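Going by the order they are written in, the chains are A, B, C and D; count residues from 1 in each one.
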Amino acid sequence: MARQAKVGVLGASGYTGSELVRMLLRHPRVEIALLTADRRAGQEMREVFPQFSPFELPKLVSIEGLDWVSLGLDLVFCALPHATTQNVIKELLDKAPSVKVVDLSADFRLSDTAAYAKWYGHEHHAPELQKAAVYGLVEVHRRAIKKARLVANPGCYTTCAQLPLVPLIKEKAIELGEIVVDAKSGMTGAGRSAKEAMLFSEVSEGFHAYGVGHHRHMAELDQEFSAAAGREVVVTFTPHLVPMNRGILSTIYVRGRRGRTPADLHAILSKTYAKEPFVHVLPFGETPQTRHVRGSNMTFIGVASDRIAGRAIVISALDNLVKGASGQAIQNMNLVLGFPETLGIEQVALFP
Amino acid sequence: MARQAKVGVLGASGYTGSELVRMLLRHPRVEIALLTADRRAGQEMREVFPQFSPFELPKLVSIEGLDWVSLGLDLVFCALPHATTQNVIKELLDKAPSVKVVDLSADFRLSDTAAYAKWYGHEHHAPELQKAAVYGLVEVHRRAIKKARLVANPGCYTTCAQLPLVPLIKEKAIELGEIVVDAKSGMTGAGRSAKEAMLFSEVSEGFHAYGVGHHRHMAELDQEFSAAAGREVVVTFTPHLVPMNRGILSTIYVRGRRGRTPADLHAILSKTYAKEPFVHVLPFGETPQTRHVRGSNMTFIGVASDRIAGRAIVISALDNLVKGASGQAIQNMNLVLGFPETLGIEQVALFP
Amino acid sequence: MARQAKVGVLGASGYTGSELVRMLLRHPRVEIALLTADRRAGQEMREVFPQFSPFELPKLVSIEGLDWVSLGLDLVFCALPHATTQNVIKELLDKAPSVKVVDLSADFRLSDTAAYAKWYGHEHHAPELQKAAVYGLVEVHRRAIKKARLVANPGCYTTCAQLPLVPLIKEKAIELGEIVVDAKSGMTGAGRSAKEAMLFSEVSEGFHAYGVGHHRHMAELDQEFSAAAGREVVVTFTPHLVPMNRGILSTIYVRGRRGRTPADLHAILSKTYAKEPFVHVLPFGETPQTRHVRGSNMTFIGVASDRIAGRAIVISALDNLVKGASGQAIQNMNLVLGFPETLGIEQVALFP
Amino acid sequence: MARQAKVGVLGASGYTGSELVRMLLRHPRVEIALLTADRRAGQEMREVFPQFSPFELPKLVSIEGLDWVSLGLDLVFCALPHATTQNVIKELLDKAPSVKVVDLSADFRLSDTAAYAKWYGHEHHAPELQKAAVYGLVEVHRRAIKKARLVANPGCYTTCAQLPLVPLIKEKAIELGEIVVDAKSGMTGAGRSAKEAMLFSEVSEGFHAYGVGHHRHMAELDQEFSAAAGREVVVTFTPHLVPMNRGILSTIYVRGRRGRTPADLHAILSKTYAKEPFVHVLPFGETPQTRHVRGSNMTFIGVASDRIAGRAIVISALDNLVKGASGQAIQNMNLVLGFPETLGIEQVALFP
């Protein structure tokens, strides 16, 4: 039997952290060797997430003063808050040259330092790494990821928008000036911090948009769509909150270019994803529901005709904590460590 | 004290029926004199809706064989399924010339018999009434409603889309060829019939679009938008289901015409609705949540700038069972019977 | 027209505060003259609760430095956190001798200073008021409340348990040593403070008990049940959290005393509450649902036989924010100010 | 590699059917060879449960006219409605002598034909099988299950009540005349049939008890508790519905016998389940939440002291579709076919 890879999770007390642990516990090639959570240091994982009570896991420790070399980790998942991440990863990669990193924050997703400074309001702390990082949308950048030392795991909203749009943009099949992405997310996308606006009684039995006109995820979309198009692309994007735990659904309005029909767009997506294990294109005219990908690493995509000639409605759905975060992170780990890509992330969706 | 108006509710066992009863029970000028529900005839209202247990209400009866004349009703709310409605109202208006009707079905909303036949797949059974009916969106057609004998209460989706869009269209402030309405509704919009797709376990913890590209509500939008524009207008409209009971939120994407900015659009809406009791325009840049209108007859509207110059995002929210159905029906009744418009529908929203 | 009573709400930024405002806005004899919220002082109520956007309300102010005399209030609702309340009310009653107070906190519910010190871990700050306060369970203490200057509004769990149990205890109809109250509450019972355990993602799609064996509400039950029995009564009480906003349901297990059957227990409750406007006893064998009292001041009670002879299952349901808090507080205000008891709290339940 | 066992699922269009398919798809020793669903015969599984779209599965067929011999199945899961089951299994076992059956209905759980007739209102159609069937609560009847040909998979409520109570009863540690089981279940426990009472809008945002005093699951509890005690035991049991998809939580009130303290009861349960893979006893005083076992085959049990001396509150939680149905069924299959007991059902709980 092959040696188990030793992995660590930095920031294990949040939802992306617990999702990593959920899947890594059953990954056949991995040993969980390190769990950090600064505010919960000294506690057992079961005190933070009781679902892990039956399992043996390392105690939560602080990230301060860890000896990266003696830990002997093969790979580190970084699920820390924005900005903290930059310094931690810089130090980690400096001190432990053989370790690899999959970062779940937004810190290394923008390769352009100017774009980063514009959207985040300060200079990046590790600009040399910013350029070295590989953007971890597997279906688009698989080859580069396999050789990467630092993978920037994509955001949940942006994964959900890119998987249907990047192939259409690459094929020059849609008008670039009229793309509208109306996105809806479950509450886990907002994380586990205790804020009034995220209380059950503030969220259940209601629906609303937020960040209208100026959501940070737009920078990531701009970068990837522009790269796909070979010229600048700016889309309209509005996120909404759904009173549910998991799931993102993006309703995308596009106009076919040069006579491309909705059926043509469907054909492009079907062909692109025919052999992908984690992207499934539904028959033309059918559209997906978030509940049917819950808990799985799957993305479902559907295409339908609008009643206005030439316009199509493309809908994609994924679980924001799995394909939108921790599942995709393990998919990236599998590539980086040379494991089969689907290992440990093959769970079938939990519905109902 | 003025005589109480005697009113009846046809189809009292559905959600719009129970909402009518909820508000009419506390309406100071109304007596509930008739409740029908064919499949539940002979039962007490409390057996169908236990919340009415403490109240005295007429027993549910069948609509068959009612003697409309001797009932002596002043007004009838018709909350029956599609198509049935046409025959019932025709007979009722024939036999009881002094009664007035507010119809909550879709049967009399389309004044064009050809449009009706196209969308519903059969000829209208009462085409002469179809033309006489007044479309009951109070804020647009108030004057005509006051004189009407038959009011066609608007649909919930369409009320939510028309209140923000009709003034913008009338003012020629937006491009008519690029309007996208992405609408999200709570489950009560689908009624109370026992269908697998509406079970709790099929609906909770998930989100999806339906009727993509071909929802019947579009006919109603076409009619009213075209009337407002003075020429044919066709919009893109996609409805979605939210795992909540009440509420519709419409995210509407528009482009200003002839240099109109998002702030200009906001100004038009603010001015239009400055004195309306049931439409409230939020300060520029703020957007509404469905939960803040729950149980009330209020519509909230917000306008924000898109990051793409010239484009605005207009968001409206209402309770589909109140302003989207029964509350607006009582608002129409108040006009038709000469009562103050807000009587009996002044409840403040129930949040949380 | 009679002069409007001037009322204030201390602590208007919490859920019981917003519920008071919701109902007082439509109360025909009341003017809202003061709203306080220390952390939100200087803001408009609409910034804290957007559902009030369409209404004119006093700006939120700090409780510090208020001149109680010049405010000229007739009555103050106190919806402040535990302990703070004692000092505020003491000062208020000292300085403004004509004002009356309905306190929604737990601070004045226990008349025994020793019991208070035991359950709350410190001496009461206003023990002389503690004795003067009247316990505001209207259906039990109506006569005393009418003459009170300070009414201690009962807790939500305890109102739900007392309404069915007090009459049975008074009638010596049940064994006092075997009472089990298994209570389930919606999330608004936990208030609006930003705690991790109250986040949507921690609460939805799950169910659990809390405070097992040692919940503070027990002190209030002990006091009232013992007073009703004329001797010490201690019951088993377990609270649970339901993923819903509003509602408490208590499933109560009792054994009839001296041959009393479940039907006998039902008869006692039916007789006791025959003329009460806000307590409704269902037919024998039927049991209530929280959704059918949502948003109303109503309590529904049902009694059924257990299959074990002599044992009965009594179930009561109310809306924790209305009859369990703010509705009952207005009911108390109506008594204290000499208004009709049901004024302003007659809304019919909102279902669905 | 060992030959894959060929299994069939009768009644694959319900929730226990889809759960079986979810887990069997990833079971390393099983091939899904047959899926039946009479009303959906001829359809693909993906039309009934879209989450299976990416997977190859046999088309749904009718159970009528199947040739059990040529199908060559090793084991059949029967997830059919009550009563139908008896005839189907009788025929199946007659015709295909080598096949084994795990039945998820209630039909073979009662070994006493008189008890069956009493609770179900008719004679059993296969009384000889009724006696041969082994009751499949693995932790209690493991040895007998391994040799069984027909396993009657226990009910969800009853599994949740038996796992904590059977050891306490066997040890004679609690008074048998005072056991109260207050049980709360998510909606999937009610199945997938289209009934008004199960609609989203009837279920969400509310809580209620049902079947008060006379729920059929009681027969199963009587049988197993009486067997454990060696004399007749009758408990009080009240089921409730929680607005969530999955999970059962049982709050159980017991009195220690002969001086047994709550801590003693905890010690008995801890010892009993120390080595069980799917039952986890929490530290004394901690109580479980349904969300922490969601999607897993785990049962969590907690014990706390009541404030009344000698009384304890025991709380158990499981996922009604997994340990309460399909997960336990696969656990039974593993025993019957000689596989490791945990194979294919080791998924970690999905929270949030």
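Just a few scattered comments:
Going forward, a contact is a pair of C-beta atoms (placed from the backbone, for glycine too) under 8 Å apart; a residue touches a chain by one contact, two chains touch by 3 or more.
If you're wondering where the values come from, they're calculated on a predicted model, not measured in any experiment.
Taking the mean Cα position of each chain as its centre, A sits at the greatest distance from chain C. More C-beta pairs in contact connect the chains of C-D than those of the other pair, out of C-D and B-C. Work out the mean CA point of chain A and of chain C, and you get 46 Å between them. Chain B and chain C have centres, each the mean of its CA atoms, that are 36 Å apart. Averaging C-alpha coordinates per chain places the centre of chain C 40 Å away from that of chain D. For chain A, the set of residues touching two or more other chains reads 15, 188, 201-202, 204-205, 243-246, 288-289, 291-292, 294, 351-352.
Considering their complex, residues 15, 187-188, 192-196, 198-205, 243-245 of chain A touch chain C.
Contacts from chain B toward chain C in the complex involve residues 15, 18, 22-23, 25-26, 49-55, 188, 204-205, 245-246, 280, 282, 288-289, 291-296, 298, 300, 346-352. By the touch rule above, chain B contacts chain A in their complex via residues 178, 180, 182, 184, 186, 201-202, 204-210, 212-214, 218, 234, 236, 238, 240, 242-247, 249, 251, 253, 287-292, 294, 304-308, 311, 313, 315, 317, 351-352.
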